[in-house]
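What follows is a set of structures for review.
Shared between the two complexes below is chain A, which pairs with chain B and chain C, respectively.
Let's turn to the complex of A and B:
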């Protein structure tokens, strides 16, 4: 093994180094140095995320089990930025007295899941993919149950871990059928041996359902709302953005590479899933009062829109998927950041509680408004461009009915996003939420989200950059 | 190779195990039993991998390798799940899945 071999795995190795440094630092930390330790951990991660943007080397190692391409590096950078914003936003929550002495666990678990996602995205065979998937799933169960003193958090954890285990079992069964019919687990060799026979179609469907659980597409979405509502707000933000984004990335790459020959089998599946996910996610979001649950259903609906880019199967389609996830990271983290700040300061989480929010917290409500506009896809902000490109990708391949349904769904979603905006700006309240003064790091996190929401839409090189590294069927 | 037993027999057993596992996951009320159903699913996958490897691709090792990893990860999964189940027990004095219903719809 030479140094150049390690350079290909630079991202993962740096992250492992960060985790090890933090583990050692925790041994020597005292109660007083907890705050400094958290700052140190965030700083280390920021350095790691910055290293990710340096040009890296591409290639395959371990006999093709691990590979790195410019596309994969783009995906990893998107995830790193998302995690960085989540970490900045969760500082206030982690410094509360109840999290004393265990705040660093949040970092370690988060970094482990990120490591799993990186391996999953870079995987060159199904064994590596499965290991990455499990490494990305198991620590999240622990994160969801992080508030051990709250029943709801425990409930979220148990629901997540059992359903995740079931879904990974189903996914593995699909992989075993692929192995049985093709005789290999390596993507390159599987690719040449898939010929649309019955067992392979069953395998593809099982595989897609396993990944669809992670993206919370509709028949597999039932855990989403409960887990998002029960887990701590910052963990819900992490789940909805980073975990979902990584699974979207891996699904789109695998469908476009390994399952290329099975396109006639998976395209109708994705078509139906897209319609179901958009519609049911939206309809359930209409009746929610709890904002965390509301954002859960909104994120289900967003996942349905993402499938529109996937179904086109073109290079443009893949670029739109990655671009939309990038936009979605900033918009959703903006919304979750405000919700988390309010919840940590006052404990209020319902939409009614936000009546008159603008009077007391004008800046926070502006951030929330921009984030919700971006999620809904209202023109000046980035979310509009993200959705527009997705629809263009699907329409370009002639899926006009699907695009029509998606547009109708966008209108429904506009209603419930604007309900929150109306509560903040128009409704009056006797006792609105008092003025909240967030900590500096959380504010930096919100500023990054807002900048992302405002700038990505107008700065076209971002999309060109993504499209240059994407590929089609 | 075992005399008189073909690869199909193994696959039939594995498939039955898989669906028994899914059935148990849906029907059972006790959290530990649900976890056992998941283990059943994972073990059916292992049978699949090993049988395919032994009968169809005897000169390869990938099927054996992945089944070893699956066993390891199943243990990790059980550890995390049981830790959370213990937490549920402390809160509710029971591990019946019907008690874990504060959040719905």
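Let's turn to the complex of A and C:
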């Protein structure tokens, strides 16, 4: 093997190098240098994320177990940007006294999960896929339980690990059925041997169910609200954006490549899941008071909209899915960023607490409003374009009723997003949340989110770029 | 920068300028912005006539086309014909008057004017777009600021009204979205590239089966905004709770988006389905026109009276749109303009009176003519115009509508026409009763004796609006000619399809 062969895996190798450097750096760090270490870690990751945008080499190694294409690079870059914003937003929280001496663990665990996701997306066979998936999942349980002194956080960690184990069991069963009926784990060979027989249909459904747990599609969403609520806010942000995004990416690529002969089997499944996920996610979000729970249900509903792009099975459909995830990364991180900032400064997390937020924190309220409008799909922010394109993808294949249900769902979602806007702008309060001056890095994180929300929609080359690398059934 | 995009940029730049200046100067900045916009529209009008007189017969003038999203063939395309030109004039006059009507705004002034101009940006963008995607984008951009405008600066049950209005209008836009996607994916039956450009689409015939499914969605989507019965319920609550300038803009301009869209998109692009579904919607429009007028009789609150009256007059527009002949279409557009000015004048006066008396209940008022003669006379003029007195704009518009409607000589349409005409009589009842109770008789409240009359900024708003109403009533020809210029080619294709 030559060096150039390894360059195909450049992304993962660099990330491993970052992790190792950080591990060594931690040995030499003292209590005083903790803050500097965190800055160093963030800087290293920013450099790593920037390297990802360099033109990469394509190809496959390890006999086709690992592969890299322009599409895969785009997906990894989207995730990297998401992680970078999460890291920036977590700084304030990580520097609190309670996290002394263990702040770097957050970085190491996050990077490990990201590594797992990268391998999962790059996988060329089901074994690699499964290994990546597990590497992506297990550290998240530790992250969810990061606030060990809080009972809820521990509970969240345990809930996550148990349900993740269950889902990966189902997934594994699906994979074993595929292996049993096709005699191979390699995507290319599986692809030629799928012929819609009963066992293979069961396998497809099991596979979708396993991944659906990660994306928290209804009815596999039951862990979501509790885990998001219990986890530290920044971890919840990571879960809702990066972890979900990676699973969406992998689902869309596998459905469009490996399972493309099974399209008649999975299309109805996705159809039903889309309706259930949108509707139930939205209906449960209506009554939430706790913002982390609220955003959990909102993120479930958003996942339902994403399925509309998948159902089309076209190149355009795939592009809309990836584009929407990109938009969603910025929108959701904008909202989570404000919530995290407020929670870290005051410990307040309920919608009621945000009464009169505009009086004291006009800028943060504007960021929050933009993010929520983007999630709701209101022009001129990016979410509008993302949703419109998803709906157009489904409508293009004639699923007008599904689109109608989806648009009506956006109206329900608009109602609860407006409730938060109402609390911030319309309600007056005797003692609103005091003026918050977040740390510089967190503010940079918010600025990146806002720029993303404002610019991605208007700047159409982003979509063209995504579409150029996408493909259809 | 092309000429039409300036109509979006001027309000947008005004918004940015307002964020930069001191709070006390915000209203001056917005007045300048609105003034520049008004002057710009007038110049645009002259340029429009200049081109037409110079022999330019292309359907849309000042066209500018920029490809935006290649994959869906989405363009940023702007262009105007006589119909959109007249609505642009309407909008700039109402925005200008609205700024002066909210001169006394004290609470969060900066935010108020910025949000107001955002609404205006959306409306201007809607009227100049010839691409369905950008049109839809501007539609939603115009609706969503309403939530904040009513919720923050409104009166009464403002939170409820704001939420109801926003959800109903956005719900309408949900139907509209499906309708637009349906039109788009059927915009090229012979397999060429699909397009969102409605001028292009109007040249082809959308397959009839598709029309049957998408026409109701599109028509209802626009109809809700035009207070189509039974989806009008957001309108009285919303208008009553909204601050003055917002009521003016909303009843005066925003509701016209609905009428314009119903005519230009729903009916013109899908004529076969329009004919098929017409009886249902004619019945709804008739109910709306009569019910709105009857509803206004029972109201005591000035704003509710005017809001119900808007439901009634918007019913005329929907009704005229469904008459399918050129005279009625012409009447529909004239009514959009006329009602826009009159209702804006009404709401402006109501706001001014309310800011002095602190009540809008007509039974608590009386003899106001003695203390505020200017506002009183203004109210009477608005009332006379509203009930269709010759010499004012509504007479021209309503006359045209009914002349057009009577050209359909089947019993059903004739009956409906007679019912709609009868609502004009009811209009006279509630307008005169409200004006009489409020303005004449003894002064019921001693505190009212010391109230002031209109100040200079009130007069600017009122006189500008009265001038255009009377001007349009006495010299309707140039406006009618301009509208005819836009409707002509549209109607030719409508008949052919």
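The rule we apply is simple: the second predicted complex is superposed on the first by the 473 of 473 C-alpha atoms of A that agree within 3 Å, B and C clash if a C-alpha of one lies under 4 Å from a C-alpha of the other, contacts with A are read in each partner's own complex, and residues count from 1 in each chain.
Everything below uses one rule, namely that a contact is a pair of C-beta atoms (placed from the backbone, for glycine too) under 8 Å apart; a residue touches a chain by one contact, two chains touch by 3 or more.
Source: prediction; values computed, not measured.
Participant: Per the overlay, which chain contacts more chain A residues, chain B or chain C?
Facilitator: B
Participant: First (chain B), second (chain C), both or neither: which does A:77 touch?
Facilitator: Neither partner.
Participant: So, A:184: does it touch chain B (first), chain C (second), both, or neither?
Facilitator: A:184 contacts chain B only, not chain C.
Participant: Go through the superposed model and pick first if A:350 touches only chain B, second if only chain C, both, or neither.
Facilitator: Neither partner.
Participant: A:415 contacts which: chain B (first), chain C (second), both, neither?
Facilitator: It touches chain C, and chain B stays clear.
Participant: I'd like to know which partner A:380 touches here: chain B for first, chain C for second, both or neither.
Facilitator: It touches chain C, and chain B stays clear.
Participant: Please identify the positions on chain A that touch both chain B and chain C, taking each partner from its own complex.
Facilitator: No residue sits in both footprints.
Participant: Please give the residue numbers of chain A that touch chain B in the complex, ascending.
Facilitator: 126-127, 130-131, 134, 138, 141-142, 145, 148, 151-152, 154-159, 161-162, 165-166, 168-170, 172-173, 175-177, 179-180, 183-185, 225-226, 229-230, 284, 293
Participant: Mind listing the chain B positions that touch chain A in their complex?
Facilitator: So the residues of chain B in touch with chain A come to 11, 18, 21-22, 25, 31, 34-35, 38, 41-42, 44-45, 48-49, 52-53, 56-57, 60, 62-63, 65-66, 69-70, 73, 76-77, 80-81, 83-85, 87-88, 91-92, 100, 102-105.
Participant: Using the touch definition from the top, list the residues of chain A that touch chain C in their complex.
Facilitator: 316, 319, 373, 378-380, 384, 388-389, 391-392, 395-396, 400, 403-404, 407-408, 410-411, 414-415, 418, 421-422, 425-426, 460, 463-464, 467
Participant: Spell out the residues on chain C that touch chain A in their complex, using ranges where they run on.
Facilitator: Going through chain C, the ones touching chain A are 68-72, 133, 137-138, 140-141, 144, 147-148, 151-152, 158-159, 162-163, 166-167, 170-171, 174-175, 177-178, 181-182, 184-185, 213, 217.
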